[in-house]
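Two complexes are shown next, each including subunit A; its partner changes from subunit B in the first to subunit C in the second.
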Partner chain A sequence: MATTAYLPKEKMKDWLKVLSEKHQLFVPCLEDDVVLFQLFNPEKNLCFDRPANSSPKTIIFSQCEQLFSFNFKKEPDNPQKTSIELKENLEYPPTIIFGARPCDAKGFMIIDSVYIETDIADPYYRGRREKTTIITLSCPVPYVGCFCTSVGGGPADKAGSDILMTELEKGYFLEASTEKGEALLREPLFEDGSSYIDEAENIRKACYTMVEKPFSDDEPGKKPLPRFHEDTFWEQEGNRCISCGACTYLCPTCYCFNITDEQTANTGERIRTWDACMFHHFTLEASGHNPRPAKYGRLKNRVGHKFLYYPEKYNGVIACSGCGRCIRYCPVSISISNVVASLKDNMRESVDDKH
Partner chain B sequence: MGSEKLKEIVSKVLPEVDVVIGYRQGFDQLHAIPHFITTPEHIDQLIWNPLCVHNLATYLPSLNKKAAVVVKGCDSKAIVQYMQEELINRENVVIIGIPCTGVIDVNKVLHAINYRPVKEVTFENGSILIRTSEGQKKLLLSDLYPDKCKTCQYPTPLVYDHLVGEPVKTDKPPESVDEEVREFEKKSIAERLAYWEKEFDRCIRCYACRNACPMCICRDKCIVESRDPHLMSQKLTPGEKLMFHMIHSLHLTGRCIECGECDRACPMGIPVSKLKKMINLGMKNRYGYIPGINPEDKSPLLVFSLKGENTEEQKP
Partner chain C sequence: MTNIKNPYLPDIATVTRIIDETPTIKSYQVIFNDQETMKNFSFQPGQVGQLSVFGVGEATFVINSPPTRMEYLQFSVMKVGEVTKAIHELSVGDQIGVRAPLGNWFPYEEMKGKKILFIGGGIGLAPLRTLILYMLDNRPDYGDITIIYGARTPIDLCYKDDLKEWESHSDVELILTVDTEFPGWDKRVGFVPTVLNEVAPSPENTIAITCGPPIMIKYVLQGLARLNFKDDRIITTLEKRMKCGIGLCGRCNIGSMYVCKDGPVFSLAQLREYPSEI
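Coming up: the complex of A and B.
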C-alpha cells in the first residue's frame, strides 16, 4: 500500500518552503511567457498550468558538467619539466525536482539504462540522480503535441516519480511510490489522503482518453517500422529541418554529449556538454569525413535511435516519453509522432498524405 | 485566401524548376510547415494563410537546385540581400511573391488557448477561430501579429517573378520601425546589461535562432561551434551565451533584414532580434543604409572606400 497524503492548496508554498530548507529545490516558474525549472524562491511566479518549455533533464544530466579541472605545474628546479594536477568534484547537494510531469520523470528512467544500469556507471549522472527526489504533477489535460499514451506512458504514470501529485478542486492528492517519496510525506502539514483516492483516480483517468494517439501502443518498440529504410521518405520529411538543436535540447530522454577541454595558459577544465544529433558536426570525423552529411540522414537517425535502436538494446523500451516538446517548439513543426505513425503504416504513402 | 491562384502559378512554374518551396498544413491546423514540391501531386496540399510564418528564402543558398520559392514582403528582403551578396544565382530562382497583410504569432494563439491540442482552425473576417477541448475561441488577427508586422514597411515583395494578387501598400509610418529600439536605447547601460543577462540566462545554445536566420550563411562552419580552431568556450555561462548572441548580431551588421525568424524560432522566447535591430539602427544613423531593399546596393561594411561619404576620419 502506497503512502498517500492530502495538501490543501493554500499550504503549497509552506510545503515548498519546508522542502527548500534541506534541498536544492527546482520548481516550474513563469518568466515572461516561458515556463522554466528554477531554484525555488517565494517571490517567484510558480506555474503549474502547463509543462515547462524545457524538460528538467539538465538538473540531473547537466547541460554543462565539469568532469575535472586541471593545472599544469612547472617544477621550480627544472622548469622544463611539468606535472599535471587533476581535481574532480563528485559531491552533489540533495535536490528535489518539483512539478515535473510524468513524461519528464520517465525520461530519467530511459537515461538510467544507459548511464547507471550498465557495467560502468557514469559517476556524475549517478551522483546527481541518487541525490534527487522527483515530485511529479499528473496532467489534468493534454497539451499541443502530447502523445505519452502511444509510447507506453500516461498523464498519471507513476514510473520514475518518487511522489505523484494530482490536483483536486481544493488541494493536492499525493502518492509516494518510493522510500524517498514516503520520507517527504512524513510532514505535519499534510492531512490524511485516503478519502481523496477516488476523486484523484477519476481526474487521472479522464485525461488518458483525451491524449491524442497518433499510433497505437500495441507492443511498443517491438514492431518493425516497415518504411524505415526508404530514403525518399526521409528526404521528403527532413528537407525542411533547419538542423538546430531545439528538439534534442528540450527532450527529456536525449542523452548525447560532447567533451571539450577549456584551457587558458596553465589551467583548464574538461567539460561535458550536451550534443545534438541534428547538428552537422555531430558525426564529423577527425579526418574531415562526415558519414551523415545530409539533414534527412540525421532526422532518420534521431527517430531510429528512439524507436528502433534503443528498444533493440533495452528490452523494447522506446526512448521517447511522448512529452511533445520537440513538436511544440520545432521552428519548422516537424512532428516525430506523425513521422513514426507514417513509418508504422506501410499503407500510408508519406507524412504529406496524412493531410 | 489566394490559395487557388497560388496553386495555379505553382503548376505553371513547377516544370521549369527542381523544387517549389511553399507551405502546407503541419501536424495540426494551427501549424503550417514548409512544403517542398517536386511533383504535381504535391501541389494540392499547398496553402496560403496568416499561419504561413516561415521565411522560406532561408533554404535557398544551400539548396544547389533550381528552385521556386513563395515569399512574403519581409521574406523577399532576404532574397534582395542574397542578390547583393551574390549568395544565390538569380537565374536559378523563381520568386513567387505574395502581398501580405500580416501573419500570426503562433505562440500568442497557444497562450490564448492554454496550449490545448487544436481540433480545428478557421478564418473569418479578420479573425481566427480555434476549436479545442475547451470550446471555440475567436481571436482578432490584429491582436496576434508578431512585432515585425506591426511596423511592416514592405507588405508586397520587393522582387518577384510572379505576384499572387494585387500589391498592398503599408499604412505604418516609417519611423514606427525603430520606435521600440529607440525607447530601449534610452535605458542606461547597466539597465540594458541587466535586461540581456536575464533574457540570455535561459538561452540553451540550441542555435535555432542562428539556423532559422536567412543571413547566417556560414551554416555548418559557424565559429561558435568550431573545435579546430577552438575559438569559443562551450560552457553555458551567461557570458558565453551573450558572446554567442553578440557574434550572431555583429555578423549581421548591415545585413539583418528584420524578418524576425530568430525570435520565432527561439524555444525559450528570447527577443533576440532586438540586438540586431539596434545594430541596424546604428547603420541607418551612420550610413543611411537599410539592408534588403535594393539588389544594387552594397552594405557599407562590405565595401572599401577611401572617402566614405558618412565616414568620419579619426583625427589624432
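Coming up: the complex of A and C.
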C-alpha cells in the first residue's frame, strides 16, 4: 500500500514554504498569460489550472549548461609551453519539481533510458536527476491537444513521479510511489489520506475518458507506421514547417543538444545547449553536405524518432508523452497526433483497398 | 559518479609530429600527456576519436594508425571548417584534447582468411589505412589485398609514403586513379566508381571495404552490387556531423542507429534497413 496523505487547500503555501527550506523548489507560475516553472516565491502567482507552456525539462536537462571549464597556463619553467587545465563541476542542490503533469514526469523517464540506463551515462543529467524529486499533479481535465492515453500514459499516470497529487474539492490527495516521495509526506501539515482514496480515484478516472484518442495502440505484430517511408506524405506535411524548433524546445522528451566553446583571454568553457533536429544546420557538415537538407526529411526524422526509432531501441516505448505542447504552440499548426493518425488511418484504407 | 570517467572530458595530448599529406590535409601524431593513459590506451581498427582545440570546439576523426603500432595515435585532418582550421594552426608541442576511442570497428576477425578489396577516395583512405596496416602487421591471417584509391589530382593523394610501400608488396595490388588528366601522371584516370567497374574484382571469398565522400560511397555501393558482392560482404564507414560521440546528442542518426556509437562501420546489409540519409 502506497503512502498517502491529505493536505487541505489552505495549507498548500505552508507546505511549499517547508519544501523550499531544504530544496530548490520549482513551481508553475503565471506571468503575462504564460505559465512557466520558476523558483518558488510566495509573492509569485502559482498556477495549477493548466499545464505549463514549457515542460519542466530544463530543470534536469538544462537548456544551457557548462560541461567543464578550461584554463590555459604558461609553464613557469618553459615560457614557450602552455598547458591546459580542465575542471568539471557535478555538484547539484536537492531540487523539487512541483506541479508537473504526468506527461512531464513521463518525459524524464523517456530521457532516462538514453541518458542514464546506458553503458555511457550522461553525468550532468544523472547528477541532477538523482537530486530531484518530482511532485506531479494529476490532470482534472484534458487540455487542448492532449493525447497522453494514445501513447501509453494517462492524466493520473504515476510513472516517473515521486508523489502524485490529485486536487479534491477542499484539498489535495497525495500518494507517494517512491522513497523520496514518502520522505516528503512525513510532515505534520498532513492529515490521514486513507478516507480520500475513493474521491481521488473517481476524479482520476473521469479524466481518462475525456482525453482525446487521435489514434489507437498498435495491434501486436503490426508495423506501427507502415506508410512511414512514403516521402510524398512527408512532403505534404512538412512543407509548411518553418523550422523554428518550438516543438522540440517545449517537448518533455526531446533531448538533442549542441556543444560549443566560449573563451575569453586565458579561460573558457565548453557548454552544451539544447538543439533541434528541425533546424537546417543541425546535420549540416563543414563540407556543405547535409544528410537531411529538406524540411520534410527533418519532420519525418522527428516523428520517426519518437514513434519508430526510439521504440525499436527501448522495448516499444514511444518517445512522446502526449503532452500536446507541440500541437498547441506550433506557429503553422502541424499536429504530431494528426500526422501519426493519418499514417495509421491510411494503413487501414490501403489494407481495405486490397480486399 | 566519482570513479567513473566523465565521457565529455577530453584527455590532454601533445602533438609530436605533423605530416603534410596534401595542400589541405595534414596528419597529426599525438601522445597523451599522462603516461598511464598512453600505456593503457587500446582501440580497434576503425574506431574514432574527438579532437578538441579548446576555445574553438571538437570534431571527429578516425584513428588512422593501427593498434599494432601504439607509439602514437595518428589523425588526419582536412581543413574544411572552424575546428579543422584551428587544428591546422597547431604546431609540434601544442596541446590538444582527445576523447577516444569511440564507436564500433571493422569486423576484422570475420575477415580472416578472405581476400580484401579496399576502395577509397580522398581522405576516405584514412580509416582504410588503419585496417590495411593492421592486416599487413598480421599478414598470414588475410588473403590477397587489392586497394583502389583515387583523388582529384595526384597532389590530393594522401599517405604517399604508404602508397609507395604498398606498391612494393607482391601480395598487395594497388590501383591509383585521379579524376582528370594531370601532367606527369601515367596511372589511371577516372572516378573511383568507374575504375572499380573497369577493374571488376571478383566477389569470390572477398570482402569489400569502402570510404570516401558520400557521393563516391553511394556509387561504389551500387557498383559492388553490380559486381555481385553480397550486401553483408560490403562494409563502409560513415561520417556525420557529431557532437557528443556517445549516442546522445542526436544529430548523427540514420533511423535508430547513431553513426558515432552504433557506427561508424556498417555493412550494406545494415544500411538497407534504414532511411537513405547518408
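The definition used in the following text is that the second predicted complex is superposed on the first by the 338 of 355 C-alpha atoms of A that agree within 3 Å, B and C clash if a C-alpha of one lies under 4 Å from a C-alpha of the other, contacts with A are read in each partner's own complex, and residues count from 1 in each chain.
Assume a contact is a pair of C-beta atoms (placed from the backbone, for glycine too) under 8 Å apart; a residue touches a chain by one contact, two chains touch by 3 or more.
Predicted model, so just to flag it, every value in this text is computed and none were measured.
Once the two complexes are overlaid on the shared chain, A:Tyr115 sits against subunit C while remaining clear of subunit B. In the superposition on chain A, A:Leu86 contacts subunit C only, with no contact to subunit B.
Residue contacts after overlaying the shared chain place A:Thr260 against subunit B and subunit C alike.
Using the contact criterion defined above for the overlaid structures, shared-chain residue A:Cys146 touches subunit B, although it does not reach subunit C.
When the two complexes are overlaid on their common chain A, residue A:Ser333 makes contact with subunit B while staying clear of subunit C.
By the touch criterion defined above, A:Asn239 reaches subunit B but does not reach subunit C.
In the overlay built on the shared chain, the residue A:Arg270 is in contact with subunit C alone; subunit B does not reach it. Residues 258, 260, 262 of subunit A lie in contact with subunit B in one complex and with subunit C in the other. By the touch criterion stated above, subunit A contacts subunit B in their complex at residues 31-34, 36, 49-50, 53-54, 63-64, 141-146, 210, 212, 236, 239-240, 242-246, 248-250, 258, 260, 262, 271, 273, 276, 279-281, 325, 327-329, 331-335, 337-338, 352, 355. Of all the residues in subunit C, the ones that touch subunit A in their complex are 1, 4, 6-10, 12, 54-59, 80-82, 84, 93-95, 97, 213-214, 239-241, 243-244, 246-256, 275, 277-278. Residue ranges of subunit B in contact with subunit A, taken from their complex: 24-28, 30-36, 42, 45, 54, 58, 107, 110-111, 114-118, 133, 202, 204-208, 210-212, 219-220, 225, 227, 230, 233-236, 261, 264-265, 267-269. Looking at the complex, you find that subunit A touches subunit C at residues 67-68, 70, 72, 80-84, 86, 88, 90, 114-115, 118, 120-123, 126-127, 229, 255-263, 268, 270, 275, 277, 282-287, 289, 291-292, 297, 300-301, 304-305, 308-310, 312-313.
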